[in-house]
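Consider the two complexes below, in which subunit A is the common component and subunit B and subunit C are the respective partners.
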Partner chain A sequence: MTFNIHQDYSEDTGIRHSKYSETSGEDFYHDKLNEIFYGCYTRNEVLELVLDGGDDGYTPSFLDESIGNLVYDFTLDVVKTMLHIVSDWEPYWIDEIEKKTYPKWEERRRKGEQATITKSHGAWYRLINGVPEKRVWIVYTEEQ
Partner chain B sequence: MLSPSDWLSITGIAVSAIGIAVSALVAIWIVDTLQKKLDLTHQLKDHFSKEVLAVREQYRNLVRDLTGSSQRPKQIVNNFKMTGIYANDLLKLLNTQYGTPTEILQPFQTELLSIATECEEYNNAYRRNKKFQYRKVTIEAIREFEKKHDRLFYDILMTIYNE
Partner chain C sequence: MRYVDRYHVQCKKQHNEAKRRKRKKEWLRNTPLYIRGLGQVSAASIPIPEYDDEAPVDFRFLVNTKECAVFFKRIRKAGASGIRHYRINMENVQHIDFASTMMLSAIGEELLNNGCALGGNSPKRPECERYLKESGFFNKLFDQNRRRFASSTDSEFITVERGQYKLTSQHYRAFRELVRHIKLHLLGQTTNTRMHNTIIKEICANSVEWSEADKSQWTLGAKFESDKVIIVALDLGRGILEKLFIDYWEHLKNLISFKTDANILFGAFEQKYGSTALESNRNRGLPCVKAAMDDGYIKDLKVVTNNSIIDFLKGNNTMFAKHRGTFNGTLYSWRIDKNCIL
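Take a look at the complex of A and B:
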């Protein structure tokens, strides 16, 4: 399956957290990416995530938060196998994600350092012993 | 009257002369071709080096804008995108021609943008896309980054002229 962020989600992507922007990395993950990736996982299908298109650029935090959450919930091994990030225009994002986001969020997953959420989200999928479970894994509180 | 042996000598001399002339012409042609090729190679290197310096200028302008004037958050990201794509296209060509690593400017394309977009003042201005100025601590981090990574453009030029 191919998903183009600018065409299929938003022309104008934001920054890391919903508290500070519309269409943030946090929003993208909870509103789209988790569900789409779960679908691909159950169909044993690679998700081709296309970054190109559109006039607006990405902030590093948007990509880090959305793809990092994916690593946290589905493990790095699964994400490396089933997520193919594509960018001819800005291939440096792929490098950045593979060299920084992947190891950083896998480390957080191992240590149990969950993502910070800045608003309430509906239930989302997480792999538990290789089996997807859908739950509200983090409950939003004002203090967050 | 020339005897047959004289004719043979004259013919031999003529053939040798023609041979020398042809060899000379071939040598001139080779030197000329090589020179033209060298000139073209040199011109190509000069052209690419100008392009590299143009990319450096664009990043210097971005740094100057970040540290010197108030800007809108979304404009910063879009300026980085345009410069990043321009640099990427150039680096692809340089990689093919001179083996320049395509990821050599990655610190400018991602790390500098991280410094500029992952700070409190940027976050606070983002939603309304209102003009803001960076705090002193962020400006120092940006200047420190530039000081540390400016040499990358010389590294690119080295890959061009060392080839």
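Take a look at the complex of A and C:
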């Protein structure tokens, strides 16, 4: 399955968290990416995530938050196998994701350091002992 | 009390009273009337200052950083004290840069939010006055006859309005338009704008998320010159150094190796430290901005915050003041010309 962020999600992308920008990495993950990746996982199909398209540039924080959350919820091994990132216009994003995002978020997952959310989201999928489970894993409170 | 002692006490009181009256007469003779609070005097005898402050002669924030930072701090302090007007004398300014004009504009906005009007005069030197006009400093201002100054077409500003705490799609569109204008100005055509959009978004994102500026306000401006475009992005928050998270061991290492605040600031651009979010994957924005400079997308990047200034072109990082509170805010300045990757 192919998913192009600019065409299938938004022409403009923001920064890391919903509190500080519209169409943030946090929004993208919870509104689209988690569901789509779950679908591909159950069908045993590779998700091709296309970063090319449009004039709007990504921020490293947007990509880190959205793909990082995927690593946290589905583990690094699963994401490396089932996610293929296409970025022909800006190949450095692939380097950034593989060398920085993947290891940092896998480390967070192993330590159990929950992701930060800045607004309430609906239930999302997470792998628990290899089985996907859908619920609200982090409850948003104002103090966060 | 015996009669004799009471007599002595009374004499002493009268003596002190006489001394007090003599001192008062002398004070009244020597003190000017306006200090005593009396208004009925001629204008010639009262030296009422026309301006509250004077701008530095070398009013280039990126060159004469300390003097300009102290000047801006004085204005901001006065504005926060509840006064209604603050007038600055710029008559003697001999040199000026875009960073200073942007700072003055942003501080004017901040003072307005506090109910204080910032005013003043123009430099006598024609080059400086012309520079102020071309930089768009007068765009939203009024002259003494309450007429708006003509807008400059040589500059473009994007300012977050009061009350807006987050970046919206309107801002993203404004960034894209600004970068398109820059490329049109330099190349005569619009090519891809992605990397330059990324830089602007990351810088503004840092201001919105971390600066703790009033209402998360930040300002972005571009000055179009014949062969280049100068861009300045700034916020009037707490500054990068105040928002960096340096763990205990790193702090100890810094102390042992006598690292200055300027060295620490440079380290933030190399992802040596975390942010106060305490998440190990953070602090990606500043290294991204540095990488854009290293790769040739932008040139002459300078960052001023707290008490330090980094000049990435010359590879200098210096402290211009001892205390971090000297400049509460962060200012990025860079330029794009035809030799950059466009």
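Here is the rule we use: the second predicted complex is superposed on the first by the 144 of 144 C-alpha atoms of A that agree within 3 Å, B and C clash if a C-alpha of one lies under 4 Å from a C-alpha of the other, contacts with A are read in each partner's own complex, and residues count from 1 in each chain.
Keep this in mind: contacts are C-beta pairs under 8 Å (C-beta built on N, C-alpha and C of every residue); 3 or more make two chains touch, one makes a residue touch a chain.
All of these numbers come straight from a predicted model, not from anything done at the bench.
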**Message:** Taking subunit A as the common reference, can subunit B and subunit C both be placed on it without clashing, or not? Answer clash or fit.
**Reply:** clash
**Asked** Which partner does A:P91 reach: the first (subunit B), the second (subunit C), both, or neither?
**Response** first
**subunit C versus subunit B, contacts on subunit A by residue** = C
**Request:** With the two complexes superposed on chain A, say which partner A:R16 touches: subunit B (first), subunit C (second), both, or neither.
**Result:** both
**Asked** If you stack the two complexes on chain A, which partner ends up touching A:E45: first (subunit B), second (subunit C), both, or neither?
**Response** neither
**Which of subunit B and subunit C A:E133 touches, first, second, both or neither** = neither
**Message:** Quick one: is A:D8 in contact with subunit B, with subunit C, with both, or with neither? Answer first, second, both or neither.
**Reply:** neither
**Request:** Could you look at A:P60 and tell me whether it touches subunit B, subunit C, both or neither (first, second, both, neither)?
**Result:** both
**Message:** For the combined three-chain arrangement, which segment of subunit C clashes with subunit B: 63-71, 225-233 or 243-251?
**Reply:** 225-233
**Message:** Per the definitions at the top, what is the overlap between the subunit A residues touching subunit B and those touching subunit C?
**Reply:** 12, 14-17, 20-22, 55-61, 89-90, 96
**Request:** Spell out the residues on subunit A that touch subunit C in their complex, using ranges where they run on.
**Result:** 12-17, 19-23, 55-61, 64, 68, 89-90, 96, 100-101, 104-105, 107-108, 113, 116
**Prompt:** Contact residues on subunit B for subunit A in the complex?
**Reply:** 74, 77-78, 80-82, 84-85, 88, 102-103, 105-106, 109-110, 113-114, 117-118, 122-124, 126-127
**Prompt:** Where on subunit C is subunit A touching in the complex?
**Reply:** 165-169, 172-173, 176, 180, 192-198, 201-202, 205, 208-209, 277, 279-281, 284-285, 288
**Fill in**
In the complex, the residues of subunit A that touch subunit B are 12, 14-17, 20-22, 55-61, 89-93, 95-96
